[in-house]
Each structure stands twice: as structure tokens, then as C-alpha cells.
């Protein structure tokens, strides 16, 4: 049996590598083949004048501009919620929590990290219902609700990268400043945080990427097919990944479908750029974060 | 005349990772002297040093009973008393580790760091004290032109001397050293020995060491850690 | 003064961790409270075992549970050997530049947006599956599982590689010194020692496959039935939530998706716990 | 239910009769207005809503109109819950829903539900019995209804769809739909799917039919604007917009706009039968 395995393993591994590379290149190749021609300024602004659209003087009806603005504001807001809470929680876990407390927090954050996005979306949706009924009629599925729900989704990423960045600092560098009379907080602020910074920032970038690509959470909490550039936190909005999903199921004609392909290329570029950046800063950041054993 | 006692340890027990490092041991150390602590490796000499500045509290799975009294301004106080501020203690009890541990900052910032932690803001004062400390460890001439370079660019011996300067900048009354020369070559080690002899003028020094000849050269007194007890040799 | 500040900041940090933990718990709380009307009167077993027929007043989620397992397990059947092969290629059989290149590709693949896999799946894979296998619409267990396998593989590969690297090199040196080839060293030393790591990778990837919504929603057909073949249209728990969440908020139909949510929550939580247990076992070794 | 909207309709008709210079004037009512309007629900309504919103927002950029799908069920419920201002439905909301939420209904178009197949499929006519048998799974091969020897791939809509409800009630006479049917979440998706599946059969709003799919005659009648209008085609329904309580402000103006000459023209352009 082992003999056979020894013989077959190299061939098998090469085969698997080939299959994987074939799969990924057919996905990207197909997208590029179908949509590259459509990637131009008209994709973003349609027939509207780009300058007028950027100044928000004119609305764009047949371009991706509103979706891009929607995705951008969504990302900024959700990461804005998640960063302070996530980093603080990560520091608490790495530097303060001990024993049973730490165990329970670790356990809960493992669970949070593993929750399917549709559950976070459903939670956001039922939260909206709850608030709409008991707090204010004005609260409807909107940018604000989506960003909060998305913040829940990426919170474990930021907590885990922060925690990991702190915990993997050598014991010695932790003790040095303490031996010199630094308080716990001084040690964190002056010594540990600067050293943990690359790890944390790669986590933040991963969180941005995750916010930019998520479709399900926003689908349940406020993204719509057509809304223009969002004017307020309480208004519905468009988003790039949802646009792609929407086109894939609702396209009316070939022209619209072609725009879907181009939008997919755009999203692909954005996400791959973010992930390469995160990997450049910290190798292996993503899988160790999400799946911290 | 016997110099006055600086550190008084009473029935101290210390447990680390389930292992009893100290068992109801009592010992005292006199002011402005060098005491060498020797003993087989793995008996917990380093962790013993940490009981004197409470640094063990940063390690997991440790427990301690007994008292450690240190004389500050002529009065003995138990450093494990509730109201004793641990940061203040550590500013009075300097510590140098086995391997040089510069922080990832400039040389100047490294040495000035404890002062800044203590809340010192006067720039000129800091500058003067950094120079003084570096002079004391005889590093000033070597680094005075490159104070803003990273401390990591120094050689091992230089790094260790810088670490001593850093530990000395608050002018502690006690200095703990954990095999300070073990990662250095012969010349580096000799420079540090010289330095210690000079520092003992106004500092109580405890040094963990492996090298018997080194111990003979510098120590006023040798204490052995064996079976959880500290006894003079 | 400084003491007080120190204490206050620690409280603040604790507060942040506490809020995050509270979110985790309250998500479950919401699922439970909203799903409550379906639990009263001992209807729980009924929900888990009956079919879904809202017009007849039957709100069982059994077909969706079966669908979830069919799609995710089949995806794992594809993904596990594929990932193992690629991981071996990266850490054992591949050489220098090529293995680095493959690793980089895999790392970047972890960042592919799910919706893009779904999009390409609809227009490239579905017609292909329909064409090759002749019958059916192409939207089926097989299509969803294939795409899902590509989706979860990169993470699984990296986790495998990680678990191989964790095996102390001295073990491998011992084998090599005894005259073993690189492949023998891998099969006889590395692989047995990486056991817990492989379990971790498998459980976490399975959790991801179960939790994925978009691929199943776009490619599995969403038919409510217990699949009898690879070419049957199925609906997963996740897709069911996405399809039904717009129903009347007081109806049992709407309540039923919270039962789905709760089942998913428990399922993924159990997988996370299993992975954690394997992790602590590995640390003990 | 017409009685609820009588005053409004009356006003609209009145203005239609006396307003001869219609086109430019229909958007005048939005002048100086600002605010947001959220619309959700039936996917058949989306093209009309989009076009109307586009014209209104071009004329007055201060107005924001967002349009989401979700299906008729979602439209009725979300409007009733106050989550959106206008909830669209491809069926008349039930008396129970109207009473519960205090809905006001506005039926601005009539639509047929057409059975569609891939243009490559030769089958162009089915009887009601055949349709029932196909969707019940008793006929599972195109050969039995005059096509090629291939399995029939069934496509149906999700539970929140009113197209499904109308189709199920009228065409299938509330018979069982077989379990292995594929579920599609919107009109557009249905068209897209059937246009790609040479052996598929599904049903969509007649307004959505174009050259990418082929309509099938139902009991001998082809679905078209003409046959729907004349009542010859059997599977028809109204397209409704619903509000919770009496519509006011922007909501009211938007609904009024749908009943103007320009609004009804949009309805016709998108392939539906205007009510006027």
C-alpha cells in the first residue's frame, strides 16, 4: 500500500496542482475574455458627464458609479466600527485576560469567526425589524444597519489579527520595558503596539476586503437594485458585489450582462489588490486569522 | 565594619510551572556589594532574580509566599505589600537580561526610554542623563555620532552595555544581572566586569553567573541556589 | 492618577471584548426568540423531519438540512484530495520557484470574491454540466459542490501546508538520515505527525462550505427536495434563509428561517469547537 | 377595492382629460420637492419603476428613489411593516393583509403570465392539461408534447412570487408542483435561465418576453398585449403598488405620475397593458 502511494503521490500532486491552476485561470480568463472590453470610464458613469457625477451634480443611471460609492462608504463605515472595538478586544485578550475569562472569550470569538454570513445578515435584518417596531419607524434597512452588520462580520478578523500580533511578540521584548518600570499600559502603547502594527494593519486590510466582497449580509440589510449615490446613513444604497449578483439573475439584455462581466473584473481587481497588500505586510495573515487553531 | 543590609528575604517560597524554585528560604544582601548567584543550571536562578522586582508576575503559572524587604531611604518595606507600586519598585531595581534586548528604536530612545516612562519631559535633562549613563558604561565615545540609529545595529557587546546603561539611567539602588556576559566574547565580557566593579560604588548588585573564574574576579560574596535554598559559600 | 487611568483603560478594553462576546451570544438569542413560536408545543422534531410546504401549513426544514449536507459534503469530497495534492506539491514534490509561485497563487485565491465564483459558475459551469451530463438543468448538487470545492480549497491548502511545517524538522532529518526519500519522509513521518492539523483544516473548511450562501443560491437550483442524485436541484439552509426572509414577519414561514439560522449556528459552532479541541490536542503533543 | 382609490383615480382621470399638453407637464408636480422614496417588491414592476424614477430624478435631482426587488410577498409585507414607502405586488393583496396593515392599493397595469421555453424548442402550444401534467411531473419528456426526446427541465418561482401564485391558481388550478423543480428568484433570472436551457420551461410576466425566449400558446391563445387586453388570454393579473395608509407627499406624487399619460406610456413601453 505504502509502496503504491510512494509511486503515485508525485503524479497525483502534480495533477491536483494542474486542476487548481486550470480552475482559477478559467475563472479569471473567462471574465477577462468577456468583460475586459467593457472596462472604461463609461462603465462607471454611463452617459453622464464624469465630472458632474463626481461633484454629485448629476445622477448616474446606467453606470457603476453609485455602486462604487455605496461600496466605498459601506467599507469605510463598517471598518470604522470594527477597528476600535476589534483592536481593543484583541489587546484585552492578549494582554489582560487570563485563565477562564480568556478561555470563554476565545471560544465565543471562534464561534463568531465561524458563523455563516447569512446568519449575520439575518441578525441584522431582525435587528432592523426590532428597532423599527420598538424604537423608531424611521429605521429601515439602510447603509447604517448594513455597516453595523458587516462590522459584526469582520470583527473576529480584527480581534484575531490583533491578538495574534500581540501574542507572537517574543516574551523578552514584553519583559524588557516592564523591567524598566513601564506600566502595563505604557508597555502596550510604547513597545508592543508599534511592533504589532504590521499584523494589525494586515488584519484591517483583510477586513476591508471582506466588506468589499460580501453580498449576503448587505442583501438582507439594505442594498437595493437602484438608489443612486446614498445621501444619508439612513438611506438604501447600491453596492458592487450585489450589482454583480443582481445582473447575474436579472439581466435584461446582452449589454447589461456585459456590464456585469466588467463589474466583476472591477471587484476582482479591488479584492486581489487588497489581499496582496495584506499578504505583503504579513505573510499568511488571512488563514491564520480566520482559522486560528 | 559590615556594610548595612539592603535586601532582606524572609521565608520565601516560589513556585514556577508547578516546580518549587524556592522553599522557605531566608537570606540578606548588603549595600553596595556584588553578590554572585551560582548553582546548577535549571534551578531557577533567573526566576529568583525576578522575585526581587516582581517581574515574575508577568509570567504565567507562578505563585509566591513570604516577604522580600528592601531598604529605601533607610526604611525597610515589603515589596509584596498591597500598596507598594510595582512600577516604582522596578524603577529602583534595574535588571539586565542574559541576551541583550534592545527595543526596536534608536539608541538614544532606548536609553532614554525609562526616563520617559517615568514621566520626564525636560529634553535637556534627558539628554544629559543619557550621555551620563552612556559614559558610565563606556559606550558614549563609540555611539555619540550615531545616537539616532537603530539600536539593533550595535554589536552584541555594545548592545549589552547599552542595556546596562538603560537599566542605570534611573540611578537604581539595586541592579540585577542575569548572566550578562554569556552571549559575549572575551573582550566584551571583560569590559562588563570592569563596569560592574565600578558601579558597585553606589549600587547593590546581584549577578547570576556560570563562570567560576568570573565570579572569583568580581564577587564580594557567592551564594548558591540548591534544592530551593540560598546559602553562602 | 496613573493607576486610575490604567484601570479605566483596562475596563475599556474589557468592555470591547465583552461587547463582541455579547454580539455572539445575542445573535443566538435573536434566532431563538424569533424561532420560538415554532418550538412551542413540542413541534421541534416535526420541523426537523417534515418537508417544506407552506401552502399546506407544513414548515419542515428536513429537505434543506439534507441539501446542506449533500452540497457541503460533496464539496469536501472534491476539495479534500485536491487540497492535499496541492499542499503536497507545494511542500514536498514541487521545487523552489514553482512551489513558491503556486503558494502565492493559492494565497491570492483566498481573496477571490464569492460572487465572482457564482457569476462565472452560472455562465460557464452550468451550461457545461448540462451539456456534458445531458439531462437536467445544470443547476444541481454537482455544480454547486464543484464551485464550492474551488472556493474552500485555497484555505485548506494553506492550512495543510501550515500543519506540515509544524512538524519538527528534526523528525524529518532522522528519516532522511535513515535513507528515506523526500516522499517517504512525507508519508511516514510528516503526514502521521500532522494528523491534528489535518483534522483542523477539514473541520474549518467544512464549516465554511456549510455556511456559504451565494454559491448554493446561485448554482444549486433551490428546489425543495431531498436529493436523490448528483443532478437534482437542491436548496441549502443558507439559501433558504436568503429566499424566504422577505415573507410575512408574523407567519410561521418567516419563523422557520430562524430555526434554519439556529441549526446553522449550532452546526458551525460545533465545528469551531471541534477545531479548537484538535488545536489544543496538537499543542499537547 | 377600487372604491378605496376612487377619489385619487377620479382626480387623475380628470387631469388627463383636461390636460392636453401632457408630456412635459406630468413631471411638473415634482418641482421644488425633495426627499427619499423607497420602493420594493414585485420584480415584474422593476423596469417600469426604474424608468419612472429615472425621469423624475433627472427632472428633479433633489429626489431620491430607491428600488429593490424581493418579490410580491416582500412588497406587501415591507410596505405594511413600514420598511418601504411603496410595496409592489403582482397580485391583489388579500383582504386579510389589507385589513391588517391598512393598505391602499393602486392598480396601474394589467399583465399576463406567459409560459416560456427556449427559442430552440419547437413546442409552441400547450393545453392547460398538458401544463398541469408537466408541472406535476407526470409528463417529463418533451416528446410527449411534440418536442424532441429530452427530459423537461422545470423552472418555477420562489414562494414570495405572485407570478407563481397567479400561475399556480389559474394555470395549474392549485395542483401540486413536483418537488424537483428549480426555484428561480426573479423575472429576469427566469428569462435568463430559460434562454440558456434548451430543454427548460418556465413562466414569466408577459412584459418581459423578448427574442431570447419563446412564449407558448396556452389553450390555443398566444400571450400578447392584444390577447391580454381583450381578455382572451387566461392567465392575467393586475400590477399593484401598495401603501400603508393614505399616500402623502412624494409617495402620492409618484403614484399619481404612474397614472399620467407619460406614466402609462412607460407602462406600455415596458410591455404591460395600461389601465387607462
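The first chain written gets the first letter, and so on, giving A, B, C and D; residue counts start at 1 in each chain.
Following the convention adopted for this analysis, a contact is a pair of C-beta atoms (placed from the backbone, for glycine too) under 8 Å apart; a residue touches a chain by one contact, two chains touch by 3 or more.
The model shown is predicted, which means the values in this text are computed figures rather than measured ones.
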**OP:** Can you give the shortest number of steps from chain C to chain D, where adjacent chains in the path must touch?
**Re:** 1
Original post:
Among the chains, which is located farthest from chain D on the basis of C-alpha centroids?
Top reply: B
**OP:** Give the chain pair that accounts for the most C-beta pairs in contact.
**Re:** A-C
Subject >> Core chain by centroid distance, with centroids computed from Cα atoms only >> reply: A
Original post:
Which whole number of Å gives the spacing of the CA centres of chain A and chain B?
Top reply: 48
Subject >> Mean-CA-position distance for chain D and chain A (Å) >> reply: 36
Original post:
Which integer distance in Å separates the CA centroid of chain B from that of chain C?
Top reply: 52
**OP:** Compute the distance, rounded to whole Å, between the mean C-alpha positions of chain A and chain C.
**Re:** 17
**OP:** Provide the list of chain C residues touching at least two other chains, using ranges where the numbers run on.
**Re:** 249
Original post:
Taking each residue of chain D in turn, which ones touch at least two of the other chains?
Top reply: 81, 184-185
**OP:** Two or more other chains in contact with one residue: find those residues in chain B.
**Re:** none
Original post:
If you look only at chain A, which of its residues touch chain C in the complex?
Top reply: 2, 5-6, 9-10, 12-17, 19-21, 23-24, 26-27, 30-31, 34, 84-89, 91-93, 95-97, 104-123, 125-127, 129-130, 152, 155-156, 159, 183-185, 209, 212-213, 215-216, 219-220, 241, 244-245, 247-249, 260, 264, 267-268, 271-272, 274-276, 279, 284, 286-288, 290-291, 293
**OP:** Please give the residue numbers of chain C that touch chain A in the complex, ascending.
**Re:** 2, 5-6, 9-10, 12-17, 19-21, 23-27, 30-31, 34, 81-86, 88-89, 92-94, 102, 105-120, 122-124, 150, 153, 155, 157-159, 162, 181, 183-184, 186-188, 197, 200-201, 204, 207, 210-214, 218, 238, 241-242, 245, 249, 257-258, 261, 264-265, 268-269, 271-273, 275-276, 278-279, 282
Original post:
In their shared complex, at which residues does chain A touch chain B?
Top reply: 98, 172-183, 186, 190-191, 194-195
Original post:
Which residues of chain D touch chain C in their complex?
Top reply: 70-71, 73-74, 76-78, 81, 150-151, 153, 155, 158-160, 179-185, 193, 196-197, 200
Subject >> Of chain D, residues touching chain A in the complex >> reply: 36, 38, 40, 43, 46-47, 50, 53-54, 57-58, 61, 64-69, 81-84, 184-189, 192, 210
